[in-house]
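What follows is a pair of complexes built around chain A, which joins chain B in one and chain C in the other.
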Partner chain A sequence: MSDQKKGKKGDILLEMKDIVIDGYSDDRWHEIVKGVDITLRRGEVMGLIGESGAGKSTLGLAAMGFARPGCRLTSGSIMFDGIDLMKASAEERRALRGSRIAYVAQSAAASFNPAHQLIEQTVESTVRKGIKPEEEAKSDARKLYRDLQLPNPDHIGDRYPHQVSGGQLQRVMTAMAMSPRPDLIIFDEPTTALDVTTQVEVLASMRRIVEQYNTAAIYITHDLAVVAQMADVIKVLRYGETIEDADTRSMLSDPKKEYTKSLWSVRSIEKPEDKSEDVILKVDHVDASYTGSAKVLDDVTIEVPRGDTVAIVGESGSGKSTTARAITGLLPPSKGQVLFNGKPLPPTLKERSVDQLQKIQMIYQMADTAMNPRHTVRDIIGRPLEFYLGLRGRERDQRLLELVEMIELNEDFIDRLPAELSGGQKQRICIARALAADPELIICDEVTSALDQIVQKGILELLLRLQKELGLTYIFITHDIATVKAISDQIVVMLEGRVVEQGMKSEILAPPYPDYTKLLLSSVPEMDPDWLTGLLAERAREGSATA
Partner chain B sequence: MHPVIRTILQRLGLGLVTLFVVSLILFSSIEFLPGDFGEAVLGQAALPETVEAFRKELGLHLPMHERYFDWLGGILTGDMGNSFSGRGSSGGQDRSRPVIELLAPRLANTLFLASMAAIISVPLALFLGITAALYRNTIYDRTVNALTLTTISFPEFFVAYLLILGLSSFTKIFPSLANIDPDAVFWERVYLTALPALTLTLVIVAHMMRMTRAAIINLMASPYIEMADLKGASKSEIILRHALPNAWAPIVTVIAFNLAYLVVGVVVVEVVFVYPGVGQLMVDAVTTRDVPVVQGCAMIFAATYILLNLFADIISIITNPRLLHPR
Partner chain C sequence: MNNDDDMTPGKPADLADQGYSAAGEVVLIKARRTFLENILRGLKSAPPTALFGLTVITIYIFFALFAPLLAPHGEAEIFDLSYAPWGEEFMFGTDQLGRDILSRLIYGARNTVGIAFVTTLFAFVIGGGLGITAAINNNGWLDNLLSRSVDVLMAIPSLIFALILLSMFGANTLNLIIIIAILDSTRVFRIARAVSLNVVVMDYVEAAKLRGEKLFWILYREILPNIMPPLVAEFGLRFCFVFLTIAALSFLGVGIQPPTADWGSMVRETAGLIQFAEYDLTAAMTPMLPAAAIALLTVAVNFVVDWFLHKSSGLKD
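Showing the complex of A and B:
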């Protein structure tokens, strides 16, 4: 029966024509998707790619006949296997969701109901819609868990969402989408929240299962290298319009539009390596732990040369940010010390002098939450000018203007609130706030992770220019190897609170690698549709060779 | 030990400490009240020697801490002391009764009324709250909100008299007086307490209903609710299966608060319906300065609050899978 329902591979499954979707903000409706067409065949995977605000997710949800609160499907036609979703009633559309069309969300941790066991959620729609009886659906779910290479597949379903890791949850969610054996799955940035090493495993298992059951999929992401591994065809979106459509190989080898090329723009920054002998900061055999828990930092020693950029890389939980907290005095080390300009810094923030505080500044990942939403740019940048430098009145305003111009904005921005700035502009204001203190060392904690590629590029170029002009030293915490390649002189690789490797960029990024560095570097997706296949084959070969 | 059991034991211990602190505050604050039981009973014209003899008989001449520990020790063994009233002040027969004996039937009445009101109001509030969330911003939702707000906005005695007017004076469905006697059988009690229970229901249902509605609606913006929607769950499935299990903690807190109110705050309703509950007993005891009875009532009220809040805490813990199923 299911073979009949599934139809033949190559038949058109979904056809969306001239889709217009409005979003409500500032008391009126704006077009957020402006006439996009999508044609998807059975068993085909389409990549939807673009920056935030391009309308990718909205379009993906529209394929399910769904609009988020505050959005409306204004015009166009959505034909799903002969059913007109624009004309179908809410109940008819609901009947398709969770049976013939399924969805995999970005944040698995937030998208699972905390109150129910994973297997209950996996089989929920399958059982409720009468596709399979409960016991059959559950044993099928366990089989899917096994197919997706989840650990302990027979029992992991009995656990609650908070009891398993993010990467595992994302795979359980894929199993949940696959459980009713849908014709179409919408993957909405399913690996964006994961570490690169986890991302590879999740990508591989998602690709395998989509192929195995011949399911069509729309894969939404902002990362072209990731989508290249998954998709047969790619559609590039910007501001709700199609920029370019092509099959994956020709898109990568020969992108037609400037905008498509710019999507991997961070990868085009090159920084000549610099080696300074003058050590500005030394983290000297530091241990640290949060109250009552195990060591988060274990004998960490890092030397930071003056005027250079040291990138600290590693997965989440590797101790990157904790190292920053130990340096700034937010988390006093339980052992060891931090030397600044050759002199030990007091362990806690309170014991440090204003002068010591002034010399080390920090920029955070989420510019949004790092600024008081009720303060204007003038307050935000003016505060360190008064506090550290004692500038007042005209002097202060003069310096304020200089700083704003230094970060390539102008005086129009001085009286704006953070909400009136774009993501990239907010991060620039945070950079200006750090510069206002006239520091020697700036710690950048994932400062570009929340930004789009083009904006990332602008921020990184700004940081490089400021470094050259002002002789700043950076500690750059990131999990993105492309950023590391673009900006660093030295690299520190961390794993489980320890420094695995430390050295010049050219040394770390060239073989021979220690095992972990190799795993980390090889997990970064490349702009090559065969990269994942090749990587998995290579890992399988090595696995069998060592076994 | 399972962390949930440990947490519950901790809360229980904390509750006992709170009760102890309450007893201390209670005892000392009554101590510092102006006026004196002896003078109040014997009148201002009484001779100082008479008053002194009277105080001695009641044990009031002993130092405060001795009386406190005596009283506390009594409570721990189930003896709350004897009422001041009914004592033979000058050689007459001692007809004073133990506080427990006075309190027990009154407490039984109060708990009976509170249970009746709770049995009607809690399911009603949950039903109204859930359906209001389900049909959010419809006429139904607005009507339910407006009606419950209206009943909570009137003073209790006003609601009570309206009910008497409607259901007793005009239609003669229920009696207007709820002066039940100790021998009344169960159904007779239910019949007699119907109006006070209904009054209390109208007074407390709004608070619980609105919290239920708010707690559910608060969760409706969660990603897992959108996920349930995208899995094709129906509106009622979304609310009952996906939102409600995560909304219990705030709802139960408000329910416990209102149930406590049913026990300790119903004196006005008791007076209107001439219902022999603890509230009336306490008010009477305050006017006659019958300190042991006041203290006994107050301790019961405190224990009610603490127990019900403990109960709410426990429900919050066991409906939170992060606590119930630690990693």
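Showing the complex of A and C:
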């Protein structure tokens, strides 16, 4: 640190002016970033926030003087510490990357080479750019692992990427970015793929290390609560333009634009709790396992009341989705049974009648993969109409139109392919496909977690309205507590294949909590820049109290 | 998720701050084009090698379709002048029985290419259908049975195996087509199964299973449309191999039987002329003509396949 000629904190490090970036698709160039300015000072963290398609990742890469294949930097100027990146040669720009500017990608798992040890990859660019000799870089990497609070920092670098968890891998990637002691790090949605409980740890270590080494950073995310913990200033982007610019505290306390306010809109939905005595589905002491592995469900019992929403929460690997697979018959239980309207359902899909299949429908997390990319909306929604209800020709088209209008779209959408729909529209089509079967129970597997806040709100409101109008029952699988608060009547908390707690929303979300529920609830980022600091202090206090 | 950034076109600034409506979300919609427009667009961006390939293939198809009109003489018409030199009446001379080489070359396009095409088509119906079925049944008993049977078939060198089978069942065109199609379907099976494995894990296939769809629907409607690009490319390559195998078998005398004109057997029948190169260069060129016809088509098909693979891989540079 001391041996490098770093400027003072507060000097302007990066200045991007009037940046225009074009993307090429369908034979034309489209502007995807339209004249955005960014000024970043040394030691400052800027949060770039916006929905998918806002141009935030593209802009983040442009800060390195880089445009993805199919994109081009059209105009504007990028000054990085006195170097004009728009005019610099490819060689000069490459020299900066991995030494003075570093990048942390969203999916650490996809960004590491599975064939090399972590420490080799951590120091690779530092050594190759000749910043430090290999031994020095490696001992520094171990120090960074320690700073990032990785377990067993002296030896974790000897492992391969598949031998550590997702959260740990994300921290190793931060160490990799930090290894050459860059002036600027670009974090591109680094915690989006992580569970809430893991996210807290990763955020805390990233924030600590950025502060410790006085590094400037651009933090890209769609989650305002997350960016509030990290950033000094926030820039809200939409459709490639700046909507609002402010320092974090004033942005949160006093947003100027409607759009900015809509970014935390899910938190504003409230559902009055409902308790129905009529049980539509009962999962009765079910055990299940994938062939040859340990039990993934262990004595799971869940009762689902008719016309209500039961939310199943837990982190990944807790058995939430497996429960859904046992209910739908994709994974036959090894013990116990599933009762639907009081009658046991045959354990496997093949033994179930068309009528039984029709009554239970499923909506998936990734609408992208849940719809055949080669089928039009007409095929997608029309098929269950033909298959279950035997509708043909005009009758079918009539019903199709009703369904499309029910999900607040219109007939223009009927002949589109999935690739021509936005994320929210895709999920709506999936909802319409489920509705087309005329079901009694719909299992929603993380249906909103891949969507932007404002779109999530729209989907959740739609689901609530449909429930009221059609008397539907939902099983809602999610790891997002804000969503749970918004739509559930009952909550089931799962951990390691077991049900830890279940009951009415008001009971579960009120103290006293069992340990795990508390950890889960307290890990959800809040719209308060001091939340993370407060949480860490509290956990440290409790840790020392119990020790 | 990140790549969505590339796809979103512009929106006026004043709209950016309005309320939310699902139908109002901005997405990029592909222009609706007719099939013909799509083809013309594709051709415009094709590299010269692909255009060359397409031109050659078109000429071959043209000759195959209109062989009786284009050929100066009949396919099996025998003149009383064998091994006639190149000249006015017989442009490329005549063969050992006195049949016009040019006419036989033109009919050969119809026979060799036509039979190869039909054979490849069969190989794809058999191999593709079973391959996708095996992928749907991933690691079940059916998948294992099919995959292991294919392994056994592939373990035997296919040209020798084809020779044995043809001698056993008799060398006629129908047997030729069936035997080569079955032997080649093993290769198609492998690729169809491999590409389908990436599709069967998709949620939409699971959704179709949950709906209660039967095997044929899942195979034909859910999976097949998504694996077409690699299969079409494979079709081109496979066609070349089939075509070469048939030519080789004909050269060995168990392929397409006389008097049907075929390039492979034409090479064999006139091969002896090569020795006369020092006396009559054009006569020595005669066996080269059918060989060149085979080579040119193979190269042309490969050019087109390369272009198609590049296009369907979605690379932008």
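Going forward, the second predicted complex is superposed on the first by the 543 of 547 C-alpha atoms of A that agree within 3 Å, B and C clash if a C-alpha of one lies under 4 Å from a C-alpha of the other, contacts with A are read in each partner's own complex, and residues count from 1 in each chain.
The working rule: a residue touches a chain if its C-beta (ideal position, glycine included) is under 8 Å from a C-beta of that chain, and two chains touch if they have at least 3 such contacts.
Quick caveat, the model's predicted, so the values are computed rather than measured.
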Touching A:R97, do we find chain B (first), chain C (second), both, or neither? first
Quick one: classify A:R68 as touching chain B (first), chain C (second), both or neither. both
Which partner reaches more residues of chain A (counting touched residues only), chain B or chain C: C
Is A:K17 contacted by the first partner chain B, the second partner chain C, both or neither? neither
Using the touch definition from the top, say if A:S125 reaches chain B (first), chain C (second), both or neither. first
Can A:M366 be said to touch chain B (first), chain C (second), both, or neither? second
Touching A:R208 in the superposition: chain B (first), chain C (second), both, neither? neither
Once chain A of both complexes is superposed, is A:Y160 in touch with chain B (first), chain C (second), both, or neither? first
Touching both chain C and chain B, counted on chain A across the two superposed complexes: 68
Chain B-touching residues of chain A, taken from the complex the two chains share: 61, 64, 66, 68, 94-99, 102-103, 105, 107, 110-116, 124-125, 128-129, 159-160, 162-163, 176
Chain C residues within the chain A interface of the complex: 1-2, 4-11, 13, 16-23, 25-31, 41, 202-204, 206-207, 209-213, 221-222, 225-226, 315-317
Interface residues, chain B side, partner chain A - complex: 222-224, 226-234, 237, 241-242, 245-246, 319, 321-322, 325, 327
Show me the residue ranges of chain A that touch chain C in the complex, using the header's touch definition. 23-27, 30-32, 34, 52-58, 68-71, 106, 188-189, 238-241, 243, 257-259, 262, 328-330, 349, 352, 354, 357, 361-362, 364, 366, 369-375, 383-384, 387-388, 407-410, 412-413, 416-417, 419-425, 428, 433, 437, 450, 454-455, 457-458, 462
